[in-house]
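Next up is a structure, given as structure tokens.
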């Protein structure tokens, strides 16, 4: 059995929490598509191209992971690339409820795609892209929260350097 | 990559919620071990042998599922059978928190075994072995909640028939 | 339309939280059956007779409330007395999940009985029979938490007076 | 005792989850006012008139349900139409907390109006107007999630047909 | 040991829930800084100056409480004023998760500042600045929810009087 | 202002999660009483004397911490030793609700004692005495979860050595 999985997200920007989950997903599925959502209405800090670039620096270490983008329904994208699994990270209870709701709906939209939930390492349980952007904006250090390439780009964005 | 998974539980008795999860797990992992926990201190209604028997009637339909038993640490058992994944079903928030705690602890006990969470169909989201036993004991019908073989055995237990 | 409702519970003993809910239930349903569960396996502090007695002192003030007992399935009892509603109080999130699970199951056992949830006054949001028994056992005052008749009986139980 | 109830909401648009709750509310209260909130600051997809129209197609089947609109405080509206009950659906834990907060506040604003919570069928537990709009916008099918009239209108909105 | 604490917030406007927490914080810490956050992107109803003014009317009663403002990282501000404790109020589960996430992140940003959580009185458990503004805007009375000075200012804002 | 605090618990046995909280509590209160609850009905693994002994090995490093025991109401004990604060650790949502309920009740029993909640380090967020005992009983290693003295005693208990 060869099982491909999609790990979808906004990744604005990628954090060590995401990296941790990519590592865990890559260890149990034959191929992992890290898929950047394009049609979000939230105004992102980084363009889709920048986000793909930062992710690609990160996934270079894994031979069975590729970075892609998608718009439209997630299950349609999963079916298109032949993935039968959607990987989602769960942390807090509030996450969890929203995730379950989405998973239920995705199951209804396609019975051929299954959602599995995985946990990031506890050190990253409080980490989110939103928090990283907030801290960076307020001049705090995000070392240890995001890969060095992301750290550099965040500084540039906020300092206009 | 060949990935085996363990789906551990007490299965006292197996419900359609468990069956649903077995089906989902069998679809994305190469082999699924449905593993009955032996060393529980809760007094079970069915013996380990009866529980294995009921599960075996159920898994007959899947070619990559086998029923086993284990005692001791779950991660030790997973490593022994060469499984790198533990499958757990999640429903309610209270489940979820206990499950996360166990998963974190299991990760600490062995970094080689990863826990993934899957959702049963929403029709089974309120279903539990405990509730099934309670209803059966009070004379209610459990048809549609458990496989026919389990239904028969429950009646026998409670009626002494 | 004439709607009767059942408010089931262990009431071991009745607290002001229960009384508050009885008042609210009595205000919107034509008749409210406060139904003491008989077949619990938890060892109660008060006998069913004592619990009925304490409740009867309380419901005397309401003309459309009666105290009863039941064993077996709650929905069977509701149908027997012609009630189409089960009233349950909700407070904490943990309550809520268990209550939803029970309500889903009861709906499955009988589509003719609907569960509605009501909130006690916030002053009673932290109150439970268990906590009242614990405080009383440790010699604390339960004045303001339970009706005077219950307070007296609790003292008697714990002092053997 | 004659009890009228208000079931308030944005209904942008009405889903089968709402319809399920209307059916349950209509079964236990003498009259049910399905009340569309007018003064929301969220930009709706459908105008108040369109939402009322879609609801009216739905409630035609019930003899004791009427569709209305309101602005201002919900409890003021309830008192104005002589309703002593507010009906709210609850699904996830996050819903539940917000709902409890609103119910507590409404109770403070008027002690004459009581909030009762009811559960939609589990098949609709993951359903929300927001999700329906999202799926429709992304070109997914919402058949089985909303009444046919709503389905048609959603298509028209998103295709500009 | 002399321990100063910071109680940060938007206070738009201060409610009796905040006042309750200020009283509790002032009772166990040597000095309490009630610190109004300046760099919020949410559009506030009251200016920072108005919010400080309303808070100052309230804290006059406490000899070890002062009202201040801050921008930038909270932990930087705490260190600047020599506070080793951040005080946060917790009510609902959803609050709690966000609060834990923030506290974890703040601990990471500075190990010299500890977050402690305290509970407002249960009468204020459903109270929030947002709800107060909503009720006031809809013409409802906020007496008993906010201090008289805030009540007056809210009326002025909404009536343009 | 001189503030003493009580950190109550069963400590059966003390874990590094407890030690972490003791360290945090000792840093912000003038004196911290680590108080072992005597009148629990749960059958403990270690006697009160053993639990006190293990705690004393741990608190030796702190000059303002002492180990004590108590029975009866916690607030009565706090008042007796002149403590105006109860310190409790919170982790999961389920903890949190029980803790809030207890804190509300304790506040009602004595308005002179305030409960504050603190978070253990995230590395200990999944750690509990129950889990430690379970792992040890099943032959797993608890190194890094409990102090060395506790580890030794656990082995002795379970091996009868």
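Chains here go by letter, A, B, C, D, E and F, matching the order in which they are written, and residues are numbered from 1 within each.
Operating definition for what follows: contacts are C-beta pairs under 8 Å (C-beta built on N, C-alpha and C of every residue); 3 or more make two chains touch, one makes a residue touch a chain.
These numbers come from a predicted model, not from an experiment.
Visitor: If you average the CA coordinates per chain, which chain's centre is most distant from that of chain E?
Guide: B
Visitor: Can you check how far apart chain D and chain F are, centre to centre, with Cα atoms defining each centre and the answer in Å?
Guide: The answer is 48 Å.
Visitor: Once you find the CA centre of chain A and the CA centre of chain D, what distance in Å lies between them?
Guide: 34
Visitor: Centre to centre, by mean C-alpha position, how many angstrom separate chain C and chain D?
Guide: 30
Visitor: So, what's the distance in Å between the C-alpha centres of chain D and chain B?
Guide: 38
Visitor: Scan chain C for residues touching two or more other chains and write them down.
Guide: Within chain C, the residues that touch at least two other chains are 93-94, 97, 100, 104, 122, 125-126.
Visitor: Let me know each pair of chains that touch one another.
Guide: A-B, A-D, A-E, A-F, B-C, B-D, B-F, C-D, C-E, C-F, D-E, E-F
Visitor: Once bound in the complex, which stretches of chain F touch chain E?
Guide: 1, 3, 24, 27-30, 64, 84-85, 90, 93, 96-97, 100, 103-104, 107, 114-119, 121-122
Visitor: Quick check on the complex: what are the chain C residues that touch chain B?
Guide: 39, 72-73, 76, 93-94, 97-98, 100-101, 104-105, 108-109
Visitor: Hey, which residues of chain B end up touching chain D in the complex?
Guide: For this pair, the touching residues of chain B are 93, 122-123, 125-126.
Visitor: Any idea which chain B residues touch chain C in the complex?
Guide: For this pair, the touching residues of chain B are 92-94, 125-128, 131, 135, 138-141, 144.
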